[in-house]
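Presented below are the structures under discussion, each in the form of structure tokens.
In what comes next, chain A is part of two complexes: it sits with chain B in the first one and with chain C in the second one.
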Partner chain A sequence: MMNVNRYVLSRSLHFGQRLVSRSTRRAATDAERLQQRRSIRTQSRNLAYAKDLFLGQVNKAEVFPYPEIGNEEVEEINQLVAPVEKFFSEEVDSAKIDREAKIPEETLNGLKELGLFGIMVPEEYGGLGLSNTVYARLAEITSLDGSIAVTLAAHQAIGLKGILIAGNEAQKQKYLPKLASGEHIAAFCLTEPGSGSDAASITTRATLSEDGKHYLINGSKFWISNGDMADVMTVFARTEVVVDGVKKDKISAFIVERDKLGIRGRLAFSACEVSFDNVPVPVENVIGEVGGGFKVAMNILNSGRFSMGSSSAGMIKKLIELTSEYAATRKQFNKSLGEFGMIQEKFALMSINAFVMESMAYLTAGMMDRPGLPDCSLEAAMVKVFSSEGGWICTSEALQILGGLGYTKNYPYERYVRDCRILPIFEGTNEILRMYIALTGMQYAGKVLTGKIKEMKKGNIGLALGMVGKKLRASFGSSADLGLTGKDGVVHPSLAQSAKKFEQNVDLFGSTVESLLYRYGKTLVDEQLILKRVADVLINLYAMTAVLSRSSRSISIGLRNHDHEVLLTNTFCSDAFFKNNYWMTQLQKHSPENNDANIKKIAREVLENRAYVCSHPLERTF
Partner chain B sequence: MSGRVLVGVKRVIDYAVKIRVKPDNSGVVTDGVKHSMNPFCEIAVEEAVKLKEKKFIKEVVAVSCGPQQAQETIRTALAMGADRGIHVEVTGKDYDTLGPLQVSKIFAALAKKEDAQLLILGKQAIDDDCNQTGQMTAALLDWPQGTFASEVSLEGDKIKVVREIDGGLETIKINTPAVLTADLRLNTPRYATLPNIMKAKKKKIAQVKPADLGVDITSRLEVLRVDEPPQRLAGVTVETVDDLVAKLKESGTI
Partner chain C sequence: MKSARCLLQLQCLTLVGQSTRSAAQYGALLRAASSRRVFRHFHSGPARPKEQPIPAEFVNGDDKKRDRSLVAHDDLFERVAREVKTKATFNKVVDVFIKNDVRRRGHVEFIYAALKKMPEFGVERDLVVYNRLLDVFPKEVFVPRNFIQRMFNHYPRQQECGVQLLEQMENYGIMPNMETKVLLVQIFGEKGHPMRKFQRIMYWFPKFKHVNPFPVPKHLPEDPVDLARFSLTRIANDRDAKVTVHQLPCTDVTESGEQITLPHVVGIQSPSQVELLAKHNPNRPLFVEGPFPLWLRSKCVYYYVLRADPTPPEEKVEEPFDPERCLDYPLQLDLDLDRDLGDEESFDVEDLDEGPVFAMCMTGLGEQAVLNQWISGLQEDNPILGQVPTLFRLDAGPRELQGATDTESFHHHGPEPEYQKEERQPQEEPEVTLEEEPRTSQRMKR
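Let's look at the complex of A and B:
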């Protein structure tokens, strides 16, 4: 019988597990503006959409129709976008910034004056108080320069986020105004030389002073963006707490001010290393509860990821403009480059990728902006994985279109490629995020299935019959109907085929998940290659959801060029459908397509040898 | 003096866009094309806001004539520092045929109605390059004009204007009320910052129709045809200077 009852998950699942961010609405004082303040609550999570895919179900209400914003907001966004675009095209010299490895003072000041340092800080603290959707829209423009994008994101998506979502009123009043105006710059200090992906293992310590008024922080942090110029840092360190009479070492979050170091405190910066030598921090500067720092960290990271979708999309759209100009005019063999199949494929790749990324990003942002604030950390992680890898591939292909020219520093392509390489690494490596995506969903599915088993044991015949019926239907090969198409379908009829493929994938995914839980139980946590495929399928499913929802809306409202959207949607879904089926086939029991055992063996032998194992092909034995 | 300045702003196709002529040669393609404030109008707004910041004047009113979208242009002016806006509604066919003469009649009527001390416009619009509205408005109002201004300073109730003309720079002193048109080097317009855009949402834009101002906007001009400029022909390389001179003589150029 299924032994999913005792489903224990290891620390890899501890990334912000038991938390959900909740917002409280403030009554609108003018027009339709809603401010959302976030605070951390310790309740069971209100996961958004993707979790039901693990059960082979589609929670249509969450994602159809595609989130829409009011007319006024659209106008407002257009207004906000114009000066930022103008600034970036006229005042930002990306080549110079790259060459000198520094953002000039005037450019930074221009960005501060534009208000780009406090986009999501509420108006009462001096920020712009804009929604996730608007933030994502602005990220499309700031991504045109990699250094600026990272500086701004490190400052507000993670640097000051802790104070914003977990700080108390006093802390917000004290720090947010200057951070929002850019007078102070923020940084997020979690990673250490010995603790990257394994964030819970940090060793920086904060010891309470004898008078109980200060903590002294000792340790060093690594890879800290804005580390060299930050005035206000969110620092994570271990503190001793007493839980149920037992002394434990738990992580706490602190606000550390650069210029309040005191006599003995010393802060040293090198490129991105920040080391703390007896740095005093007043006890009022603890964010949230003492010992509750890890949750704060995970919440901060989870809330900023979705914007990578729109920033990558913005960058790719720009590259499409630049490269298509070249492909239309450059001629070889008496034809323009654009007439060759392999070049055409690259344009299709870039267009589809940009399309999927922005669809996913704005779907996620739209869900996050809903009242009640569903926990979209799963969806945001998926957007991040897809966009970082898509961005890397597309910038590489864009460079390829230009050939030799693309490789030179005279053109921006190699800079885009270099800048993109960090995307799959920071903000949670894609490997860790895949684990998070797969395990969070598996945990949810496990709980639901366990619940069903308990019901059946109690004698709930209806439930048992339902499950048997489902298995019979599946074995007779009837296709799934999840309500996306047909008379009351939420997807537009011209996308019916793609929707059907999606439904088939979801159905198969649900049974695949069930069978994996059954087969592996608790040991699933260690099967990374299996979890990787589960995550990849889920990412594709979410992507398909996003494009189906978006293009359905575009057709229904008659948006310009919606037939091109249909083309992109169908192409992507068809491709994703086959990839998903292939991966799910590999996940079946004793699948001949699955080479995992061999892969592990190869790795073991190589790592034992600390080198390539084979004898040289030219060697002789006689 | 009321201390009020009227600034005219026009919504035009963005300067960076590649213009295409409609297939029926009746005009250029505007559907779905990026539009923004005429660059010279931006300079005009900047000058007005600067005068207010230096406390020479008290209120800046931004005016635009056109369809609903003209309000976006007014909002940009508000974000740059104008205090309120007036949107003169002109739509459809009327908008297609709206030219400097009608616009100057509208501005003249508004200047009187709002008791303006100064009217600042851009020297010309980058779509039609007419360079007429400022001059016509001054004539209709019988006000002095300082056109192609590259420097403006208020001295009591007179204005000193340095004008860019073909021969160089000309400095004149004119009485107020007056009409000024801004040239390129008058100032560098500020960026509308996001916080100012948010503040601008609270500023008012009044709506009026030309009829309310007693202005007849029927056009006396009819556009017969719009064509693209002829394609640039390839050149010819010559070996020596003598060849060049010979060719030039041949083509009748010298």
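Let's look at the complex of A and C:
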């Protein structure tokens, strides 16, 4: 149902409206629009929370206090959320959509009327012009139906995103208004039958016609969400570009209109194959520069994966409601289901997961809404990995609570489980994202480290002494103090213990990363199992940051039920602390906990055999 | 003299039915009358059986003659063999021996003779036959009854014979079964040498049964094309490799009445080899080399390879790193740090650059004309072969590849039939000598 696609959310269209109080909204939006246009091209990252963790540092100014939104925006959200929620609970029949594999026309019209097709399109182009934070809030509701979530995401998170972030003014004027109103639906055509993340295997080709006015596109694209109903598509194809006098094949992005080509929608819904046979596209429909498609694609993909955090959280919160109702009423052995420990554990798991995902998603969204368009792709990728895996586990545990009933089609659980299964796959598989997370950080830490080494070689004794001193201090077992608690602390004292654990983890992580860099150098790229653990530790660290920051704020401003948040935070932090310690122990040299060599060997033997290797246990030799 | 004896023994064989009955009667009599004496007699020592201690009145005339020596047992087999050598006849011989004499006189000699004859009868890999042979030993007689007997080598000749039998099984790779064990226990007791041998076999055989990761089936395919297919997949050891039969063996008669036999041409090539060949520099020649031998059990087949010389270092082009290759994560780390010495896990092996092998083939006739056919067949998948010069570097090794049966029907229409025949000779010879060997040794013993 939720077919493979990548959906990415809009980078940012607004200032974080939280800390800055503004008298008029309109004036600000104009200013930031200008700023946005400028900063697309400069991929500067002036925000480096996650990267700094690789150095064993906590850049606490970035994540404390937890981002807030202004009162006006809260009102705006409340105005928006209520009708959307009403629409989803009353007018959307998810079971029917699932059964028929098609979103009914009237449901689509309802979504269009609510403006959900242009949440992040600026108001001057007819959209709602909302921030990432509000987008995340709406995603919580739209995720209740997988098909609608995918359609919306494919439309605005990736489909029209190219035009939004890299298109010129004429393209925006021409396409955005109709896209924002939902009159036209957008699709994103990158994946090909033989090409996923590997740009080199893209075979679709665009050749300039003889008169030089058109590009002719040939090839086929696969797994295109909205492919069957899209009117405007962002298509990536190879073009011949002359670089330094040498002809090279580079990828370019094109806007292709549906009525100009013969698209065969092959699958009934959402995902389908789109093939191009000499489709003419005018030269002015190139997004960005010719040959600059790779950057455009990467920006679209990287920019927003964060909303999956709030979507998954929305789904889990809904499931908790449904299953707790059942667990409280169903009786076995004169006890209600909720009195059994193993059932209780499932509820705790679901709440903790929902809480962590939510915290991470809104922390990231808040970061993205800050002025200056910070690059939060690393954080967004972490949110995506954590929430897609957590969502999968939680939905299947929810189903488990109902037992056999949950498995039947009479209840929505199996649909949720099915829909959640796609989450770890699309938008960049979790494996690939882990590589991205670990390698980006490693590259950053490696640069800092080699810089230090160079300094020392030049004879900077102070630096060398400082490093030796740090090592000595660590070997004498002084506990790490990164200043989260105590004087100038940013974490509430009731979370001090969790904060200490977090600090200890961060400190150890920094030295682990350093030793990994010394040990493997640039060959670290090939050590996927190590990188996986590095990424997992970092995801946990970021999750700990998010919950610490959020609960500290909740306690401080006295939000309702903040004691429950403290409970969840402490539980999650101590759990994550032990997991992190274990993973980092595995990362030590000659660690007996580390089974990587064996794992590789098993896989190699299985793959050589291309089957399960062992003999059957019932076989005999004599 | 020889023919006379044969005559006599033939007669004996026809009389077997009657004579065994009489032997059985005598045996019953004997047992009833003086069983104790007989046992004592058996216990009396290993040296005795050689001396022919059997009282003449218990044996009829024919048997006496046969039991006189080892030659007699050999003869027994020879006689039957004259008709046809099969498992049935072998069993018949064993039956004759068993029914002949209830005391199984000369059974050690008989078993030795039988063991030697087994390959001739084609039963050397038949467990049932081995068990039958073991059954020839009298039961319970050789089981030690007290600690002194147990301490010393009790009935060494019999035990040795039992061990020899198990040894032959071992050599042919036959695993004993439960019946063997029961027989051994009945004959030699729980702790005799043959039992030890049995235990050792049962310890090692199961362990070694699957030790070869590339087992060769017991029965190789008869059809030369199937055999070539099997051997080529075995050498290539690549699951993706595709076997192509470029030409099936067939016999045609031309208009002039001349018979033409086309040899089979079977080739193998994997997709990665196709890829490798496509990248080959067309200015550098390719070589067809061979024949190289491949042994499959006792069969030898020959194959040819298409290969090139290793690319010289100056022509090697490393693919430039494309930073715009992966959409999701960096494929390389831009760092000055290399792997630490302590984490260097690669071995320091002297790297010899060998030339790539692009394809392999097997054919019924290793002639350039035939191999050319293979190359042109390969051209379908590898168009580059049309531009690359291909050199044939063929050894003058055996050209006839599929044994005598295949070559007999072969009539080459080319210019050098004489040469063909010469080539065939060395291939046939070893087979002949192999067959000849046992016969000559027999004759010598006679």
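Going forward, the second predicted complex is superposed on the first by the 564 of 622 C-alpha atoms of A that agree within 3 Å, B and C clash if a C-alpha of one lies under 4 Å from a C-alpha of the other, contacts with A are read in each partner's own complex, and residues count from 1 in each chain.
Keep in mind that, in the parts below, a residue touches a chain if its C-beta (ideal position, glycine included) is under 8 Å from a C-beta of that chain, and two chains touch if they have at least 3 such contacts.
Since we're looking at a predicted model, the values are computed, not measured.
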Touching A:364 in the superposition: chain B (first), chain C (second), both, neither?
neither
Could you tell me if A:560 is touching chain B, chain C, both of them or neither one (first, second, both, neither)?
first
Between chain B (first) and chain C (second), which does A:234 come into contact with in this model arrangement: first, second, both, or neither?
neither
Report for A:83: first if it touches chain B alone, second if chain C alone, otherwise both or neither.
first
Of the two partner chains, chain B (first) and chain C (second), which one does A:75 touch, if any: first, second, both, or neither?
first
In the overlay, work out which of chain B or chain C sits against more residues of chain A.
C
Is A:110 in contact with chain B, with chain C, with both, or with neither (first, second, both, neither)?
first
Can A:439 be said to touch chain B (first), chain C (second), both, or neither?
second
Once the shared chain is lined up, is A:377 touching chain B (first), chain C (second), both, or neither of them?
neither
Could you tell me which stretches of chain A are touched by chain B in one complex and by chain C in the other?
none
Per the touch rule above, chain A residues touching chain C in the complex are 190, 197-200, 250-251, 294, 297-298, 301, 428, 432-433, 435-436, 439-440, 442-443, 446-447, 449-450, 453, 517-525, 589, 610, 615, 621-622
Which positions of chain C touch chain A when the two form their complex?
175, 177, 202, 205-206, 209-210, 239, 322, 324-340, 342-343
Quick check: in the complex, which residue numbers of chain A touch chain B?
30-31, 75-76, 78-80, 82-84, 86-87, 110, 113-116, 119, 123, 128, 560
Per the contact definition, I'd like the list of chain B residues that touch chain A in the complex.
32, 36, 72, 75-76, 79, 191-195, 197-198, 201-202
